[in-house]
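Heads up: the structure comes next, in structure tokens.
Letters are used for the chains, namely A, B, C and D, taken in the order the chains are written, and counting of residues starts over at 1 for each.
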């Protein structure tokens, strides 16, 4: 930039309006109700931790969380009924948050998924009671060193980490905002708000604590690393467009801004800013999505984290992250489609294939599901690339279908236990079908849904996405997709073979009889899987109505 | 002075931070490097804000600081608990889960 | 609207499956009876369908159509043409025999656990398969068909992998290993085919904007839909690949011997006589109807593949040591004939192919089920372990022989009619192919008679000296099949009358005329 | 009247059904039932015959259509019958001889616990054979054609516990299948050429198509005939077929089924008449087989195998005659009928001999039996005279005519060749039949103790044989002798009855136009020549076997003899080329299927597994390496986006 230009910058900078003119922000509380309810409940939860006696905490927290999530969901439904999904859609909170179809649909999905997975958080019948205290899957006292006297004492005293409930509520808050974020700052904040609690949640497993902590560290460091990239990307895009609001960015990118001051003109000329920035933001989101090559945290974290948390993460995070991705690409950077589409193509392909291929040789059920989630991320990306309304709605539908299958599957994983807690090694699952046909059958249903066998939600979703992709002209992607689903089918089948066709081992694991909580989770999972498989029409309509972004 | 140079500096800092994340073993140091990257971002924001002559960038910088602080809290908690159970803050020692 | 009889025919067995599965573990026999009754009820339903179908009438009859998944342009559309109705009847007819033949196949060896209920599962799965197969024969919506085409793999998979043939060589462990290998192979082969087809199905929608056969046909007729040649060919290949795996056509056949070898005889019948027919049926229904041009384009290659299947399958059957694998390869050969008849694209060929599906179902069922009875008596699948059975169990041997003669399509038995029609139809269009295919009849005689000679004749082996003859239940299975084989061999008219109009429709789809005899042509 | 036709088939078919499905409770009356139904069918045939005689020559043919069998667009096959003079001849022969042999079997199979089933099979055979000859289209004929094949398969392998029998049965069926291929291809050709395969239209329209096509059809029909009538090169099964019970050999493998080929050719006369090349092929096949069978017959020591060779040779005569066209058809059929009488008689005689000799079949272990079983001796003797063509007996009339016709093939070299061959055949026939006669009934006893059935599977079961016991030959029961006597009558008089005034030829003329042959040399000359070679043959045989004692164990013999014992090595050829080759082929294909076709698939799966294993290594558990991949990924991402823009 030449000196004169700098000078002009200088002067324009001097003519900034006096601060007094800044309008006081007005917040549409009604439209933001879902978020506010959840965050409020989270804060309350902290207070509960502080003041409610230990014995009562579990029930108080469980009650609070459930009610809050239910209420929030009710609010979402109310908004949708109020037409905010379609006709009334608007941008709230000074342009920070969009209240439109995709946002509401995804928020609803997240809330429902969270609700059922919170039940698995609260499950405390799986392990035999220690010292007369029911125990759940979270450490008695996360701060205590594993195996130390301190820990033993905590266990003896029957401590439980009820903090997980407020934590999960905070995480959900972030996830609710994430897909609704309408400017890059909100995006970043929402990302952090749901990431930080998740880091902590990963660390508080009751058993295999070393692995749990390791998972947390890896997730945290890599997460922070990626969010740094994201932030830098934001900075660059801001530099390019002079604003972080999606609408503004889109205008600038398309060159349809009314007033162009020289500084903007100058930065607008420099596409590198935009492209690099966009790429960095994309990377930050793809990391959360778990797309190759940003996926490598997934297996380790999924394996190490307490299984309920894994289920929650796998489902809700993906939903939120894809929501944000969609909004970014469709609202902020549609003008850049020609640039990001080819890249996304490549990423989608390697993600589908990579996830499927590496999963073949996995020996731990949680890692297996992690890789399968990677493969599924690839399938969803195929829908994202379509850049058509069908693309959006197909992705929305897929996310809905996928999240419940995932939560259900992980809930089943929590049931299969031996002396060392959950028996996650595949060899332990041999002959499960003979021991407890029902559990095995349920898990088989989930696996078939993952594999995308017709009459399950997995197939409907896969079909919707592939159809959208094909109509969007990505036929080759569809072919790669079906090939990798064929590969993926192999390892899902392998697990089924293991469960049903191989003789049970004498020292095999036992299947714990869960409380109604987990039963509800699994039941809902199965129900949704089959309903979306047999009669998806209603939800497809919902998705396609919700398939339009506000701008 | 030309604000563009601040951008170069920001990029430099960011790269240094990233490199640090990649090469340092000690979790604390790695984490510090991440902080460095965040601050590089802040610098970039401020510089751009200056160029465009609007305040968004500077406000964002404040938000970033808060987030960074929050990250420190969470991060240190995790790292310390890891250190206490393993008596080592090396990132590479934490590799139970692989393949 | 009238009573949805087609849906009923498919729903009935499905309900039966649920009821059967719900029978408490201890009430094993009850479950069997429930299953049998439901299958018989389905047979009655199918009979009603057969009666209410008017050969002269519209192409698709008893149609039903309901909105299903609008977003995918999918409707729940059912309807049967002459071919479909016959296949439905065949399926409904065979299942009771399958159930009856498998009466004791799923009795638990030792009670594993009170919750483990193999018997209920076995019969429920069989009925599930029936439901899906029947519906797939009735579906006139490509998507609906595809769904069932894929979904029926799952119950089949559990039937193969979960209830293996108790007669096996070697230890239980490696038997279980072979069994699950066979099951996985079956599933992956067909799943792969199905997924390729999925791509084609989506492609079809993108091109045609609809899944309904009738709509697409109209669009083609009105010219509003004209596929680019390459597109049509690619889509055709996508569909055909899946069907060729299911059929199975050389070189995609290798899953069949494993599956049929490891599965119990009734399940093997289910595979080859019922499920695989969906593949050949779909070639007629979808490949020719949706992609006539591409079908004609691909004909030469497909005919060659079919010929290879015929000769290759027969030769491999000769080389087998395992009775059931032998029958499996024989089936490969027969499927070769069916495909040949379909793609010869002459009236005789296609009527013959359709008849062949029915007759092959009956003959293989007869042969395989008797083989199953034989194997269950001796506990071995190896041909070498038998000899002189004819002396100790003449009825068993006799029925086995008749089954074998049907397999080698002896004139007077049903398969002859269809095989000859296929041969004539092929010969009229492709003389050389017709002649090569004729070698199949010699090879068929070879493997059948070798099998019979080695197992039934010669000095009585000590192991078979005490072998009991067929029981009443077993006779009840075999006798009706044989009776049908004889009847349809002498009087196939009832079937041909139903089939012919449908065949004419297909012929007009592909715009083919039968080659006229030289004498007339000369005039 | 025509409605009776179906009864011809229905009666024995009913019998077969009842006997085979009836179960043990029918064991006691089964054989009577079977015989009764065979007889019934004969009666029906006779009635129809009388009715037919009542009509003029041209309107004698009867038609009956039961129902349309395979109605498919452009393809009509009916279950319909046609009973003309030709069919009628066969009907009478089949039912007549058939009934006699049923009666014979009652005694012969008396001790066999599966006699009921035996009669069931016999009835099945009758039904199929009758269907074959009264069908009015080639497809229905095909049904009968394969039906008799099946019956023959079942009957040859009737004593299934004998591996040799089972194998022989299988061989017979397979070789016949090769012939059937010819028939089905012929039918396809007819369909594509004429659009139908009913006798009337096809044979009527031969003028409208090319000679080439007709030749092709003719050759295919010839192939079929070769299979069924054991003509070279498909003759190998007939010798082994003698594993079956002797009545079977008499009925199926001498009198009726094996002559079906001749029927087919004569029936298709119109086609052959228009295709001289095909005719030549027929004649050649006939001539070759004629010699082949005769030579084989000379070397066999097994009485039935010797007779089988003779059958082959005699059918060779018929085929040769059939190949000659209108001049030969009538004589072919005539010889067929007479041969039906005397060859059946000979076989029954042989059976009776075996019956008396503990089922010994080796003629070297007979000798001097004429005193012990006079009736058998006389009937057999008459049959012998008939077959060698002793003047006045049946064989003389029929065979002599064929020889004449052969000389009349054309007035060139071919006439001489085929005539000569036919003549030579007559001589050889005289030789081997005399040999059989002498070795069996004359000379000194060469009986051997009975073999041990446990050690030697070749013993027919049911007839209780105490090992080591010397045979005590005795005349067979009346149920067996009566048929022999009846047949003997036929073999004596039938020929003369037919030939006086060309009665038979004229009877057939409406179906197979009849022309008088004009041989290259005069008829009397031919007759005398025949007599000469005949006497020569008989004389040589006498000098070789009657004059000096017959060794019990066969001498090594000349090369030709040894070859002839092994059916002129034709079996060995089959074994080496077809059987061994086939085994190798199948075995290698099994390997291919397993390691190539299947290998490819498994290979792909395995390769994915390997790839997966390698990629897995990237997940090495070090957070920093994950960071590297992220960093690298981002770098690529950025580079890619920038490049996109640059390009």
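Here is the rule we go by: a residue touches a chain if its C-beta (ideal position, glycine included) is under 8 Å from a C-beta of that chain, and two chains touch if they have at least 3 such contacts.
A quick note: this is a predicted structure, and the numbers were derived from the prediction, not measured.
> Looking at CA centres, what chain is most distant from chain A?
Between chain A and every other chain, the largest centroid distance is to D.
> More C-beta pairs touching across which pair, A-B or A-D?
A-B
> Can you figure out the chain closest to the middle, judged by Cα centres?
C
> CA centre of chain A versus CA centre of chain B: separation in Å?
The computed centroid separation for chain A versus chain B comes out at 24 Å.
> Where the CA atoms of chain A average out and where those of chain D average out, how many Å apart are those spots?
Centres of chain A and chain D (C-alpha means) sit 81 Å apart.
> Centre to centre, by mean C-alpha position, how many angstrom separate chain C and chain D?
37
> Starting from the mean Cα coordinates of chain B and chain D, work out the distance between those two points in Å.
Roughly 97 Å separates the two chain centres.
> Multi-chain contacts in chain D: which residues touch at least two other chains?
Answer for chain D, listing residues that touch two or more other chains: 605, 616, 619, 621, 623, 627.
> Can you list the residues of chain B that touch 2 or more other chains?
18, 21, 30, 91, 94-98
> Can you list the chain C residues in contact with two or more other chains?
In chain C, 188 touch at least two other chains.
> Every pair of chains that touch: which are they?
Pairs flagged as touching, ordered by label: A-B, A-C, A-D, B-D, C-D.
> Hey, which residues of chain D end up touching chain C in the complex?
20, 67-75, 79, 139, 142-143, 145-147, 150, 153, 157, 160-163, 165-167, 169-170, 173-174, 177-178, 180-181, 184-185, 187-189, 191-196, 205, 208-209, 213, 457, 582, 585-587, 589-590, 593, 597-598, 601, 605
> Give every residue of chain B touching chain A within the complex, in rising order.
Touch list, chain B to chain A: 2-4, 7, 10, 14, 17-18, 21, 27, 30-31, 34, 37-38, 40-41, 44-45, 47-48, 50-57, 59-60, 63-64, 67, 70-71, 74-75, 77-79, 81-82, 84-86, 91, 94-98.
> Which positions of chain D touch chain B when the two form their complex?
Listed in rising order, the residues are 616-617, 619-624, 627-628, 631.
> Tell me, which parts of chain A touch chain B in their complex?
Residues of chain A touching chain B: 1, 3, 6, 9, 12-13, 15-16, 142-143, 145-146, 185, 188-189, 192, 196, 199-200, 203, 209-211, 213-218, 220-221, 224-225, 228-229, 231-232, 234-236, 238-239, 242-244, 261, 263-264, 266-267, 299-300, 303-304.
> Given the complex with chain D, which residues does chain B contribute to the contact?
18, 21-23, 25, 30, 91-92, 94-99
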